[in-house]
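Order as written gives the chain letters A, B and C; numbering starts at 1 within each chain.
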Amino acid sequence: MINFFNQFGSQLIFKTWQHIYISGISLGLGVIVAIPLGVVLTRYKRISGFVIGLASVLQTIPAMALLAMMIPIFGIGAKPAIVALFIYSLLPILRNTYLGMENVDPTLRDAAKGMGMSNFQSIMRVELPLAAPVIMAGVRLSATYVIAWTALASYIGAGGLGDFIFNGLNLYRSDLILGGSIPVIILALVVDFLLGRLELLLTPKTTEEG
Amino acid sequence: MMTKRMKRVIKLFLPLVALVVTLSGCSLPGLGGTSDDTVRIAAQNTTEQQIMAAIIQGMIKHYSNLDTTVINNLGSATVSFQAQKNDEADLTAIRFNGTDYQTILKKSATKDPKVIATTVKRDFQKKYHMTYFPSYGFADTYQFMVTQKYAKEHNLNTVSDLKKTAPQMQVGIDQIWMNRKADGYGAFQKAYGFSFGHVYPMQIGLVYNALASNKMDAILGYSTDGRIGSYNLKLLKDDKQFFPPYQASVVANDKALKRNPQLRPILKRLDGKIPLKTMQRLNYQVDNNLQEPATVANKFLKDNNYFEGGQN
Amino acid sequence: MQNMNIFQQLFYYFAHNGMYVLSQFDRHFLISIYGVVFAAIVGIPIGIFIAKHRKLSGWVIGIANVIQTVPSLAMLSLIMLALGLGVNTVIVTVFLYALLPIIKNTYTGMLNVNADVLDAGKGMGMTRVQILRLIEIPLSLSVIMAGIRNALVLAIGITAIGSFVGAGGLGDIIIRGTNATNGGAIILAGALPTALMAIISDSVLGFFERKFDPTNKTSQ
C-alpha cells in the first residue's frame, strides 16, 4: 500500500485529475447542450417524440462500441473520448429535461402567461426551477455514466485512471488494478453523493415556491 | 394449512433452484466453460498469438473430440503465465523462451540462445509443471525500425547509427520493454551507449502505424510482424547483437496433458511446421487483408491437410 | 485493401469472416443472457421479498444502487482478481449490474398493485401464495419485464468490456480492430453488431413489456 503510493503517488494524482478533467468537460458540454435542447423540444411537440426516441435508441448502444467507432473518425486520444462521452452524457439529461418540463403543472404555465411573462421568462422563472430536481437526476445519471466510461476511454488513449487498470490487467499486477479501481470507485460514489445532495437541495425549494 | 403453504412455496421456488444448480454447474452450455474435456487456450493480444491459438484450436478439433475455448486478448506473457499457473488456462498459444527466461524465471545471466532454451525447458518443468514444446520453427526478436525515408535522410543502417540523432528521437515501444532486465531499455543504454529523447510505451499493434504516419521517428517492433512488409520499413541491424532470438513454442500444463492424453501428440505435430517466412505471411494476411486470425488459421490448416502424417 | 473505402472494406470483411462474427455474436449474447437470467432468478424473489418486508427495501435497493454506481471496468477488474480470467468473471459482473434494475422494478411493480384488487383476492379466500401467483406477479409482470429489458441492454455493454479479461465475444473484434493497421472497418465490424444486438434486444423486450401490460387491452 505505502509502496504503491511511493511509486505511483504523483501519477495517481495526475491520472485522477485527468479523469476528472475528461469527465468534467464531457458532462459540462452535455449539460450546456442538452438542457436548452430539452427545453426547446417542449415547444416543438411534433419533433420531440422523434428526438427523444432517437436519444433512447442511441443510449442503448454499448459505450465500448461507441468509443471504438470514434477511432476511425477522430483517431485516438482525449478528443475522440470527449466526443463519445459528450454524446453519452446528452441522452439522460435531454430526456429528463424534457420530462421535467412536461410535468410542470400547465395551470402554472398559464398563470405565468397571465402575469404577462414572456415565453422566455416563463421558462426561466417558472418551468426550469420546477423541473430542476428531475433535470438534476438526469445530470447525476450522466455523471455516473461518464465517470465509468472515462475509465474505459483509457483504451483509446485518453488517459485517466483507466490507465492504471489496463496496465494492471496487462501485467497481472493487482496493485495497479486496485490503484486504479479504488480511486475511480470513490470518485464515482462521491460525485453521485454530491449530486444527490444537490438534487435534494433543489427539491424543497421548488415545492415551497410552487 | 401451514404445510400446504410451505409446499406451495417450495413448488414455486423448486424450479428456480433447479435452474440455478444446473446452470451454475461446471460448464455453461455454449460457452465451453471449465469442464474437464475443454482445452482452454490462452492467447495474448498480438496477431501472431491469435493465429497460433486458432491453429491449435483447429488441430484439436480435427484430431479429437475435445472442446476448446480461447482466453483471448491477454496483455502480456506474465498474464498468460499466471492464467496457466492458476489453472485458468491449460496452455498458451505462444511463449517465447527468452522472454520467459527473464520475466518469469527472473534470470539475466546469459543471452546465449542454447542456454536459455535448456534452462527454460528444465525450470518450467521442475518449478511449474509445465511442458515447453519444441519450437514451431520461428523465432521472434526485437528489432529497431525506421521508414526508408528517415533511413536515407540520416544514413541509417545499424542500431549504432542512431547514436547521433537519438537525443531528438521519439521512439515507440511495446508495454514491457522498459521494465525488462537483460534486454530492456536500461541494459540497452549501457550496451549501445546512448538513450532516446522520448520513448512511448504503447499497444504493440499500434507502433507500426505510428511510425508509418510519422508520429514516431523509430520503433522497436517484432521481427515477425506482417506490417514490416506492407509499410516497407527499414530494419536496423542489431550490430552489437544485443537482442537474442526468442524461439516460439506452445507451453502446456502437465496436468492438462495428463488429463487429456490425446493432447500431447496433437501439439507435437506442429513441431517445426511454421518457419519464419510462413509466420510473416500469416501475420500479413491478418494485418493487411482484413482477415480474422481464425479465418487465416483455418485456411492454413486445410491447405496443409492438418499436418497429417507429418508426425515426428 | 487501401483502395477500398471503409464500407467496401466492411463488406469485404463480413464476406470473408462471416462465420467468425456470427460465432462471436452468439457467444456475446449467451454471456449476457446467462448473467441476466441468474440476476432474474435471484433478483425477482428478492424484489418480492422486500415488497413484503418494506423495512429492508431501503437497504437492499441502496446496496444495489451503490453497485450500479461502480464503474464497470473497475468492477470487472476487481472480480477478475478474485475469480481469474475468462468467461465466468464476466458473467458474475453482468449478474451484479443486472440485479438493480430487476430488484427495483420487481419491488415497484409489486407495490403498484392496486390494494382493492388484493383485498378482492383475500376476500375470495386466496392464500398468500395464490395472491402472489395469480394477482401480484401477473399485474407487475410488465414492470418486471421493463427491468429485465434495462438489465439486458446493460449486460450487452458489459460483455463487450469482458473481452479485456479474455472472455471473447464481439469485443474481441473491436479490440483487434483497434490494434490493426487501418482497423476502422474491423472496429465497425465489431461495434455495429454490438450496437444492433442492444437495440434489437431493447425493442423485442419492449414489445413483451407492452404485451404484459395489464392496461393494454389487446393482450387480454
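One rule holds for everything that comes next: contacts are C-beta pairs under 8 Å (C-beta built on N, C-alpha and C of every residue); 3 or more make two chains touch, one makes a residue touch a chain.
The shown structure was predicted, so the numbers you read here are calculated from the model rather than taken from an experiment.
What are the chains that chain A and chain B both touch?
Shared contacts of chain A and chain B: C.
Of the other chains, whose C-alpha centre is the longest way from the centre of chain C?
Greatest centre separation from chain C goes to chain B.
Taking each chain's centre as the average of its Cα atoms, which is closest to the average over all protein Cα atoms shown?
Nearest to the common C-alpha centre lies chain C.
In whole angstrom, how far does the Cα centroid of chain A sit from the Cα centroid of chain B?
39
From the mean C-alpha coordinate of chain A to that of chain C, what's the distance rounded to whole Å?
Whole-Å distance between the two chain centres: 22.
In whole angstrom, how far does the Cα centroid of chain B sit from the Cα centroid of chain C?
33
What positions in chain B touch 2 or more of the other chains?
Expected reply: 79, 206.
Could you tell me which residues belong to chain C and also touch two or more other chains?
164, 178, 185
Please list all residues of chain A that touch 2 or more other chains.
Residues 166, 169 of chain A each touch two or more of the other chains.
So in the complex, the part of chain B that touches chain C is made up of which residues?
Touch list, chain B to chain C: 4-5, 8-9, 12-13, 16, 19-20, 23-24, 28, 30-31, 33-34, 40, 42, 45-47, 50, 69-74, 79, 83, 86, 88-89, 203-206, 208-209, 212, 227, 230-231, 286-295.
Can you tell me which positions in chain A touch chain B when the two form their complex?
Per the stated touch rule, the residues are 76, 166-167, 169-172.
If we count contacts the way the header does, which residues on chain C are in touch with chain B in the complex?
Residue positions touching the partner: 1, 9, 12-13, 16-17, 20, 26-27, 30-31, 34, 37-38, 41-42, 45, 84-88, 91, 127-130, 132-133, 163-164, 166-168, 172-173, 175-176, 178-182, 185-186.
Hey, which residues of chain A end up touching chain C in the complex?
Residue positions touching the partner: 57, 60-66, 68-69, 71-72, 144, 147-149, 151-152, 155-156, 162, 165-166, 168-169, 174, 177-178, 180-182, 184-185, 188-189, 192.
Report the residues of chain C in contact with chain A in the complex, numbered from low to high.
Residues in contact with chain A: 6, 66, 68-75, 77-78, 80-81, 153, 156-157, 160-161, 164-165, 171, 174, 177-178, 183-185, 187-188, 190-192, 194-195, 198-199, 202.
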